[in-house]
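Structures follow.
What follows is a pair of complexes built around subunit A, which joins subunit B in one and subunit C in the other.
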Partner chain A sequence: MGYQLSKTKADGIFHQWAKKYDIFAPMLMEGEGCFSDTDIVRYGKVEKLDDIEWNKKSDYSFKEVLLAINETLFYFTEDQTTVPKGPEKDILIFLRSCDLHAVKRLDEIYLKNGFEDFYYARVRERAKFILMGCENTCQSGFCVSMGTNKSDNYDAYIKVTEDAVYMDVKCSELNEGVCAEAMTTEEIKVADVAPDYVTENIEKVTLPKNLSNASFTKEIWQEYGARCIKCGRCNFVCPTCTCFTMQDIFYKDNEKVGERRRVWASCQIDGYTEMAGGHGFRKSQGDRMRFKVMHKIYDYEKRFGYPMCVGCGRCDDVCPEYISYSNCVNRLAKEESES
Partner chain B sequence: MGLDINTKKLKKNAFRVSKKRGIGASRIRVPGGYLNAEVLGMVQEIAQTYGNGYVHLTTRQGFEIEGIRFEDMDEINEKLQPIIEMLDINQDEAGKGYPASGTRNISACIGNNVCPFANYNTAELAKRIEKEVFPHDLHFKIALTGCSNDCAKARMHDFGIIGQTMPQYDPSRCVNCQACVKGCKSLSVDALRVENYKIVRDTEKCIGCGVCVTKCPTRALTRSKKKYYKLTIMGRTGKRNPRLGEDFLVWADADNIIKIIKNTYAFVDKYISPDAPARKEHIGYIIDRVGFEEYKKWALEGVELMPETIMKNNIYWGGIHFDR
Partner chain C sequence: MTNHYIPQLSTIKEVIKHTDLEYTFRMTFDGEAKPGQFFEVSIPKYGEAPISVSGIGEGTVDFTIRRVGKVTNEIFENYVGDKFFIRGPYGNGFEIDNYKGKELVVVAGGTGLSPVRGVVDYFAHHTGEAVSTTVIAGFKSPKDVLFKDDFKFWNETINVIQTVDSAPEGYEGPVGMVTKYIPDLKFENIENTAFICVGPPVMIKFTVMEILKLGVPEKNIWVSNERKMCCGLGKCGHCKIGSTYICLDGPVFNYVDGKELID
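On to the complex of A and B.
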């Protein structure tokens, strides 16, 4: 159902939703950037529409809402384990089209890849998604190339302009919030609302079509390997990176009790492939870059039938060494077309 | 008719007497070393019209226009006016040049306008301090630097201001990648360690350089909202006992630092040696003579430090002694 309404009215609806949902959206975190007097946009719990950063692409994705950076799987005592409670409220997540496509990738990995992950599933089943449109392309994204520029599987779409707020509410539960608010004071106009989406990006990416194990020896990996500082930022900002590691913590005051956590991991950081005895599968940074890039556009696709990367461009934005993943992919495609 | 010039007045007016008779130099102060490039054109014009076409970039980040004739000083002062205004220098009378030269230009590293390590906008604070302390005839040297790397050599000044940040740690965002630990070890003081996969900061050791924050890939480590500064005092170069300044305040705020600097003028005015040539004596020598306890009494007048600020109650300076 499409609506046109005033900002005040939209705030009222938001307020209705907030009773039932914890609402997460991109927020401008002042002064929390890497460098002094720089800001960052990342997900946080919002209380009102104005808390949301509508203009700038979030530096970190929505991923951390569904998949906590640190998640305690269970607490243990000497003879018992306790699984912590799941989310207390349902969850609403504001995100853009590329990220909504990333949800599909997360689901693929955590719900459909063999068995269902209990921890992911219990958050995921309580989550609904509100699409934020993209009137213009961002600088680094290449969603059009990846076919992620458009989404229709949202629960609601919201657009905020100077004079009015537009909504397309598909989910009946969310529509209840709209109706609850419509009962009071001013009218809410029914209107045709279709999400804004971009049809052309500045960055255009061509995927190589003939990657194989033979691609392991390409010189390009050595070059990127020599530039990469293995910080892992590209993985942490990526909405589709799903790797985690395990930590068993024994509390300092009583080492017989503790907890097991799972924590985000990065294939670029030392330790990722480390085995007992010190063996590691990908010790050189070039191998790690190769693994990451090929996983995004080759290995995942081989298994699930579509590429993992959604073209959000965050990895390019965040890399302190100015390594461009999108350019790397284009170079691979170019090498192919020239050979 | 011989040149009859009051050199004391000339020097106070920020001109210099050179080796060559009748020829001096014009000194331009640039607080924080930060200027609109338009000023460069003005300096060029003065140098080409009145000087020998050459300019020295001074060690304190000002300009010194060489080869000017003392007769031209009034005209040069007129020409300096737009520079003085553009750089917002306090002045008694427009068109008369700089009203003092004792308190030197306040120099600064490039700061967080550009540098990824800097913890604050050095030029902005330099300008703020300049407005508070200039003009003054007493010989004060103040420098600001963005972080503990101290590229500005702030520690060699009477007052050195070193930017700090108090790292804020959110363990729920930490993935134990240890980039901060490695960064602190290789680039700073090795103040971080891992306990139960989380970061523990040795608060005694941490110098607030901010390296850990720049290394963190998840924003588990961020900067404090408050800007902090280390105030180092009584560093100096010179013939008798050159030495590095020692920390007086750590985790201090700008307001109190400015108060202390201003209070120090009264202290120097009271205790400067009556024999000091041209009333120019490094403040450190005065403190060496009258004692740090007495200096503190003056410096801390009206100063209320924040609870987190650490003040050193006693300071013992070292350095090289050529005077013993």
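On to the complex of A and C.
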């Protein structure tokens, strides 16, 4: 159901939602960037519409709402294990189309690849998604190339302009409040609302179609590998990277009590494949670059039927060595067409 | 919804010391498990380690553990009556049916014998179910030999070549890499053979090369891959090779698929 609301009424609706839901959205965090005096846009809990950063793309994706950077799986107390409580409230997540497509990738790994993941599932089943439109393309994204520029599986769409707020609410639970208010006030009108989406990006990416194990020996991997400083930021900003490492910690003041956690992991960092005794695989950065890129555009698709990458471009934005994943993919496609 | 990350407490029933660095821990466990599958064995504070099933008994499961890392070092500090946390079994394991009626050869290096021990033991006890069974097991030196009691029994019912890479002077048993013994193997029908190869990656590589030289079809060869299986559940990503998750799709692979797994 589409609506046009006054800003005041929209704030009121948001306030109502905030009572029932924990609402997570991109926020401008001033001075909290990686370098001094820089800002960062990251997901945080918002209380009002004005808390949301509507214009800048978030530097980190929504994924930390569904998959905490480090998550306690259970507490140890001698022979006992205790699982921490799940979320107390339902969750609303504001996100753009590319990221909403990434939710499907997270679901694929955490709900379908083998057993359903207890911790992911209990957050995921309480989450609803609110689409933020894209009137203009971002600098580095290539969602059109990846077919992720458009989404219709949102629970609600919200657009904020100078004079009004537009909503398209599909979820009946979210719609209830809006609909009831619309009956009583002129400030909420039923309207046709369709999400904004981009139809052309600055970056255009062509996927190579004939990758295989034979692609492992390409020089391009070592070339990028030579520049990589194995910081792993590309993995951490990626909305589709799902790897983690198990970790036990114990409390200093009581050595019998501790917890087992999982923490985000990066396939670009030393130790990712290292087994007890020190034997590891993919020791060169070039091989790790190849592993990552092939996973995003080839290996995942081979297993699940569609590419993993959603074209958000965050990995290109964050790389301190200016390694461009999108450029790498384009070069692979170009090499293919020339051979 | 089941929480697969929660381990169960398991008590050490017996510790069998093979060498200074390798013990078998017989642990309480009620449930089904197959040779070649693995468990995540853990001690709070030290973390989890993927360990192969080296034996299955009434209400017990065996883990033959080599003392090489943070978790395994701590495991060795424990004795009968102590407890570990375990969760599993994970992975596909070996299908005994694949080897019935075949001329079976098992080639194992060091602790690589653990995951395949159950298969060897099955055919040593059911000799009629395979045309022939041969085990070629290689260890670093005579003091590194594992499962000595098993070898005594296997020697009576199946063909055993137990070799060491190097030995002090005066040692009477076979010396040399496992690959040395492959060219001499004789078969009634090469098409009806089955090979299982488990051990360090380098050993697998050269062993498979030798096996293929005999004219054995690729589909007759099975390998078991070790990787860093952090969760065992297809989530953490550490064991992924290409589109394959070793913890879900393996660790046992027919060589037709296994040869495509390049890290």
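Details
Assume the second predicted complex is superposed on the first by the 330 of 339 C-alpha atoms of A that agree within 3 Å, B and C clash if a C-alpha of one lies under 4 Å from a C-alpha of the other, contacts with A are read in each partner's own complex, and residues count from 1 in each chain.
The rule is simple: a contact is a pair of C-beta atoms (placed from the backbone, for glycine too) under 8 Å apart; a residue touches a chain by one contact, two chains touch by 3 or more.
Because the structure is a prediction, the values reported are computed rather than measured.
Contacts of A:L28 after superposition on the shared chain: neither subunit B nor subunit C is touched. Of the two partner chains, subunit B and subunit C are each touched by A:F250. Touching more residues of subunit A than its counterpart among subunit B and subunit C is C. Using the contact criterion defined above for the overlaid structures, shared-chain residue A:V160 touches neither subunit B nor subunit C, since it reaches no partner. Judged by the touch definition given at the top, the superposed model places A:A265 against both subunit B and subunit C.
With both structures placed on the common chain, the touch criterion links A:D79 to subunit C but leaves subunit B unconnected. By the touch criterion defined above, A:A180 reaches neither subunit B nor subunit C. In the superposition on chain A, the residues of subunit A contacting both subunit B and subunit C are 247, 249-250, 265. The touching residues of subunit B, when paired with subunit A in their complex, are 112, 116, 118-121, 146, 163, 165, 171-177, 179, 195-197, 210, 213-219, 222-223, 225. The part of subunit A that touches subunit B in the complex is made up of residues 29, 31-32, 34-37, 40, 42, 60, 68-70, 231-233, 236, 247, 249-250, 252, 261, 263-266, 269. Within the complex, the subunit A residues that touch subunit C are 73-74, 76, 79, 81, 83, 109-110, 113-119, 121-122, 213, 216, 242-250, 255, 258, 260, 262, 265, 267, 272-277, 279, 281-282, 287, 291, 294-295, 299-300, 302-303. On the subunit C side of its complex with subunit A, the touching residues are 1-7, 9, 42, 44-49, 66, 68-72, 83, 200-201, 226-228, 230-231, 233-238, 240, 242-243, 245, 247-248, 260, 262-263.
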